[in-house]
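Written out below as structure tokens is the structure these notes cover.
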Amino acid sequence: MTTDTTATDLAAADTAAPSTGDATRTGRIGIGIGMVGYAFMGLAHSQGWRNARSFFDPALSPELVAIAGRDGAAAAEMARRFDWQHVETDWRALVARPDVEVVDICTPGDTHAEIAIAALDAGKHVLCEKPLANTVDEARRMADAAERARARGVRSMVGFTYRRVPAIAFARQLVQEGRVGEIRHVRAQYLQDWLVDPESPLTWRLEKERAGSGALGDIGAHIIDLTHFVTGERITGVSATMETFVKERPVAGSVKGLSASAQEGGERGQVTVDDAAVFLARLSGGGLGTFEATRFATGRKNSIRLEINGSRGSLAFDFEDMNVLHVHDASVDARESGFTKVVVTEPTHPYVEHWWPAGHGLGYEHGFTHQAADLVDAIARGVDPSPSFADGLAVQEVLAAVESSAANASAWTPIDLPAGTQP
Amino acid sequence: MTTDTTATDLAAADTAAPSTGDATRTGRIGIGIGMVGYAFMGLAHSQGWRNARSFFDPALSPELVAIAGRDGAAAAEMARRFDWQHVETDWRALVARPDVEVVDICTPGDTHAEIAIAALDAGKHVLCEKPLANTVDEARRMADAAERARARGVRSMVGFTYRRVPAIAFARQLVQEGRVGEIRHVRAQYLQDWLVDPESPLTWRLEKERAGSGALGDIGAHIIDLTHFVTGERITGVSATMETFVKERPVAGSVKGLSASAQEGGERGQVTVDDAAVFLARLSGGGLGTFEATRFATGRKNSIRLEINGSRGSLAFDFEDMNVLHVHDASVDARESGFTKVVVTEPTHPYVEHWWPAGHGLGYEHGFTHQAADLVDAIARGVDPSPSFADGLAVQEVLAAVESSAANASAWTPIDLPAGTQP
Amino acid sequence: MTTDTTATDLAAADTAAPSTGDATRTGRIGIGIGMVGYAFMGLAHSQGWRNARSFFDPALSPELVAIAGRDGAAAAEMARRFDWQHVETDWRALVARPDVEVVDICTPGDTHAEIAIAALDAGKHVLCEKPLANTVDEARRMADAAERARARGVRSMVGFTYRRVPAIAFARQLVQEGRVGEIRHVRAQYLQDWLVDPESPLTWRLEKERAGSGALGDIGAHIIDLTHFVTGERITGVSATMETFVKERPVAGSVKGLSASAQEGGERGQVTVDDAAVFLARLSGGGLGTFEATRFATGRKNSIRLEINGSRGSLAFDFEDMNVLHVHDASVDARESGFTKVVVTEPTHPYVEHWWPAGHGLGYEHGFTHQAADLVDAIARGVDPSPSFADGLAVQEVLAAVESSAANASAWTPIDLPAGTQP
Amino acid sequence: MTTDTTATDLAAADTAAPSTGDATRTGRIGIGIGMVGYAFMGLAHSQGWRNARSFFDPALSPELVAIAGRDGAAAAEMARRFDWQHVETDWRALVARPDVEVVDICTPGDTHAEIAIAALDAGKHVLCEKPLANTVDEARRMADAAERARARGVRSMVGFTYRRVPAIAFARQLVQEGRVGEIRHVRAQYLQDWLVDPESPLTWRLEKERAGSGALGDIGAHIIDLTHFVTGERITGVSATMETFVKERPVAGSVKGLSASAQEGGERGQVTVDDAAVFLARLSGGGLGTFEATRFATGRKNSIRLEINGSRGSLAFDFEDMNVLHVHDASVDARESGFTKVVVTEPTHPYVEHWWPAGHGLGYEHGFTHQAADLVDAIARGVDPSPSFADGLAVQEVLAAVESSAANASAWTPIDLPAGTQP
């Protein structure tokens, strides 16, 4: 027999007024999400918001209220696929919507500051893609706006999603529990190879004005943030060098995701960002770091490697095998010690209990769900989510120091820690 | 400025009558999905249907119309989380709904035959979880029903989702292209360890009546099907032995996903299925196979290993590193030959172009999306999806031969190939 | 200034009368080794004897007294390279030499029984290459001879050198210490690919008369013995199938090591041994085993894989990475558990303290040194070395059972444990 | 029947006058080796000389004529184990011996210059352990002496044995064949962990006067030389930082190999060398390098990692798996590309044909055999062996530049290429 009533009610509730309906039935209330941007990051964030609701069932349940994009048709296409309820072609209209409570910024870096500050000032919680901005100055203005907003209970977060890969979050837990001890070494690499071909076209990611920097800001930012996150320390100085191996490339025609094809006609333009950035660093706890961000690591597609050696143990991670953390415990007798390959899919591992049984791994996109769930959870609990805009600013300061050192014959370039930071 | 009209229209269309709206705008039309079951598989299938729409955008766009479950509250909870529009507490009601066009069966194996045959006879397309049934007889009746339905354009598919892990689908392509040559060896293992603890409770998966068999049918079925799929050959005979290492276990109390806790009181019941099944096999092309399915492989959570050696090359896969296929090409000079670790995340790999850029791996759940997308695509194109119920029957026949051989002192037990099968 | 006296004495002692000289200075006395055979195994054994003296400095110091081979020139060449003091062309002459105290048999399997029994009866200690013999009957006569000789203090050993890879010896220690618990599963593979090419010639290893069997006796014997050794249990029954994929091959011309080229003229001969043998097994402790020995595993050169799963932990080994043992401890909390990659190069690991610092790995040949050192150590201490001829016979009985089962439609074939063996 | 004559002759020749005897029989003549030092390196070199003769059978056959060491008993012990014919307690006496044609220097770095220059001036060929010297000045004087000696046909070689690991030598071949293309990135690490324990004692390796530097010179020198060797390029500038994590340690008592125990009494002394050195580099071809040498990489025993990314491909090596080279070929279609795990044990790989069949790996010590064989081969052919003292000097100049940069706030420090070097 059909449970007609229930079925009808549920359907009605879900389609007509889901958040109220949810509240009635389950104690959950909706929180309206408005997203700016609809490209690669827009897709990942759409999936994140939707899955946060389905798999984490947070007290504040994300509702996909509106998406904004200058190309209305493209935004509408994303809306159709993910059931975003409304489409805007001007981000200001999206920010102004009363049903949008969280503004999620997925646009290129040169637009972050304006949108984020406007949204914060309008009392909207903000999730902003990384890097926070293209310059330290912008980032600082954003962090200031976040600090002002915070006083009014408005939350902000920067989208370093790799923090939320379970193996990475587990690594941080182990460091916090003292399992690694005093950190001696960090070696961090973000290796891609999509620019090895000199005929690969000149997209906005290769223009300094739009992208701020090249490999450094795009992927180097991630390994800087991961180092801050996992170690709980800060980078206090750097020595760097950068390189643009291929100085000119064909001007881009059509772009799709991270792929693009060259314009017809064969026009070439100048690459104004770095292809690769390498730097040495010191951590606030006295350890040494070696960092490498490159788009010329032939054969490495998206290899984020992080190895940390400490007085009591070591950790090693490679995103090519993202469900694994290699853990070494120096207190184990040498006869039995080694790196243990922990498959980070147990219910006791961060985030995992919301997903599948042990051994059933997650993928790239799951970090976006964890990010969305953590943000609405922080909003619901009235606490500050992490990473904050101040964390984003800290990364920006390292990026700036790297550029400065590279421009100054690799001279050691110290980075001031924010007041109150534990060295 | 807000593009009011578009925004309003889209929202209206998506909430009130999505499929019609879609059709109007994009040429897509909806196809109503009804799912029976709401546990582990119900969750995975829900995600699969939803993501198929969002990421594959098929011509027939899955609509999550109704979910059925005897426990109405549990079914309603799943409905709430994934926006299933209606909840039924009797699968017959779900099958009877005119808005349900595909019946997706996610219940234990002893219920498959009845539901699937009823649905097919009612003219509904059917997706049935594996193993197809608990006995060859049931499976044969289901395959017959599928064959009858097929004549009326009704499609059916059995849910061996691991076929749709990109690395596995890529392996099949390589075999079909002749890159492996004549197949000499298959070694296939499905290794889990969730029963190592003798106090792990007695759930339905350990009862012969409900589950049909233990490790053999639950996970052994997968490696049999993967062998058929990747090699394009059939297993023609087996020699087997099976074991139940722990004969009695505490009766289960509450169950959640694959986890369960023991009933209070300490009552014990008899385990009536196998903990492990191992068998030798011959393939139709003359190769040898070794198979192992066990829930006692301490430390292996969900390790599906498949290695194939042929006259021209070899392939090796382990689900613990599911985005990778190791490929050996025997035509390469020995000086440079070896197993190439292909990270199967390129747009040219099966299914991948619908997801993320190269190097951004997928997880366990993505196979369910690929399954859903392939099924509605086959329905739209009027062709038979794969694996068919006949493929499910073929697996069932191997399972039966394994049990028979094990009961008969491992005597070689041939398996008849269906008429018309190429040896 | 030159320490003339010391220098002169030392040189004199070492060249003129090394054993006496050694004894005078260091308490070591020499033990004369006589080796029969000079091919691949002869080379490995020569290096083993010499290195045992240099790196293990045993109380009985091996002296390379004489080498025997039908091809006197080839034997003399080996003698020249390794300073064997004498060359014989008849093994009987070698056995008869009073200065030969240990007879080391490195010839094909069909000659083992005659030489070994003669040597033992002549009161010589014997090291015999594996497999002990080509038939169970021969092996039993050899074991009987060894038992008779033992009563007179004459020692014997069969050359399963892989037991003496440090990672394997360490694995056995862990099992003996109870770290694996009750053994549930053994999966053992010996994978080679040197016969994949159908034009690879017909050497003595492919002739049943000379070699006894093919992959089964040559490499399957190793994984049987390793299983006995590491688990401390015995195989009690098997179900098997065997295959010769390429039935005819070009007759061999010249042979060098394991390589050979085809005779001119294109004559073909019949392959009379198996290319591959696969079998299921039961262990005396109740566990299940799957075994595979093949020369058709394309891309696998010498991959000996052994994985053992028990109630308390697991071990995994692959000879392709021979200095590593992967160890899983089921008592570790799931959050931190996994397979630990133990690099078996610590001074506390078996044999390692005699070699290099931690992290400086050993190679294939070192097992032969360990074997030589262990044998002379056992002789010096008046105890029986291991593996004994009885251990070799036990392997032979498994090989015979495999052949019998394969010839009898894979019927389960029990193997009698020797009286007094613990089940 | 015993071939008495042959046997007697051979024994006589080998013991009484081996080199003459050899010459008579085989066309080989002996070359007298004199080794200074008897510790860890002395052991490795002894094995190298002896195995070169047995496995490579060079035209000039190494004879272990004399060993020199201040501790006569220790030297005599090494002589006894490896049949060195004479023992000296003063290296000058060894150099003066007319039967010593090659002087092999295995002492700490502060003694290299004096011994090597004296030997070269005395017309002896010289093999000198790395690093060539403790200072650039010493190294330059040695290189000058080598250049002078060269004019008289006297050869010299510095002992960077890792060049002669087959996988490394194979890597160089691939670079030379253009398979890697323009080199964009080198990332080189030499990771050890034997100083992690702050109670690990203060041996000579931690004293600047004896050792020159710490991790930098001891192990950093290796990865600098490997980079020069494999790429065929030179490091043209560096930016560096160095650290001594543990500033004071217990004074060492007894030392054995790389192990030592603390003196009783608890006295502590100052560590005057670096625990870790990290630096960025530019290569003469325009690529970027990141280098790290440390004794504080907890859990890494002797991990030498080298990864090279070029315009046409990539190579990756880790000494923890020393028989493997991972090779990426960018010309392969993305669908099938990846890193191929080449097991470098084929007869067509460098050095391998002299050893065992494919798949039977080599160990740490084999590089010393290859070094010895290559040196006597170069002497026999009248050509200069490699790496030359000039190559050793080049490494020393990089080490000095690293120290200079580290002392100068990581300022970029260029390194002059020798005249005539191709940039």
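In order of appearance the chains are A, B, C and D, and numbering begins at 1 in each one.
Basically, a residue touches a chain if its C-beta (ideal position, glycine included) is under 8 Å from a C-beta of that chain, and two chains touch if they have at least 3 such contacts.
Chain-to-protein mapping (UniProt): A, B, C, D = Oxidoreductase.
Every value quoted in this text rests on a predicted model; they were computed, and no experiment measured them.
Q: Tell me, which chains sit next to both subunit A (Oxidoreductase) and subunit D (Oxidoreductase)?
A: For subunit A (Oxidoreductase) paired with subunit D (Oxidoreductase), the chains in contact with each are B, C, in label order.
Q: Based on CA centres, what chain would you say lies at the far end from subunit A (Oxidoreductase)?
A: The most remote chain is C.
Q: Counting only Cα atoms for the centres, state how far subunit C (Oxidoreductase) is from subunit D (Oxidoreductase) in Å.
A: Each chain reduced to its C-alpha mean, subunit C (Oxidoreductase) and subunit D (Oxidoreductase) end up 33 Å apart.
Q: Let me have the rounded angstrom distance from the C-alpha centre of subunit A (Oxidoreductase) over to the C-alpha centre of subunit C (Oxidoreductase), please.
A: Centres of subunit A (Oxidoreductase) and subunit C (Oxidoreductase) (C-alpha means) sit 55 Å apart.
Q: Multi-chain contacts in subunit B (Oxidoreductase): which residues touch at least two other chains?
A: Answer for subunit B (Oxidoreductase), listing residues that touch two or more other chains: 300, 337-339, 343, 358.
Q: In their complex, what parts of subunit A (Oxidoreductase) are in touch with subunit B (Oxidoreductase)?
A: Touching subunit B (Oxidoreductase): residues 1-3, 6-8, 10-11, 14-16, 22, 25-26, 40, 44, 46-47, 50-51, 53-55, 57, 66, 72, 76, 79-90, 93, 192, 194, 257-259, 300-303, 319-323, 343, 345, 347, 355-366 of subunit A (Oxidoreductase).
Q: For subunit B (Oxidoreductase), which residues count as touching subunit D (Oxidoreductase) in their complex?
A: Residue list for subunit B (Oxidoreductase) touching subunit D (Oxidoreductase): 170, 327, 333-343, 346, 348-349, 358.
Q: Which of the residues in subunit B (Oxidoreductase) end up touching subunit C (Oxidoreductase) in this complex?
A: Interface residues on the subunit B (Oxidoreductase) side: 184-185, 187, 189, 191, 193, 196, 239-241, 243, 245, 276, 278-280, 282, 286, 288, 290, 292, 294, 296-300, 309-314, 328, 330, 337-339, 405, 409-412.
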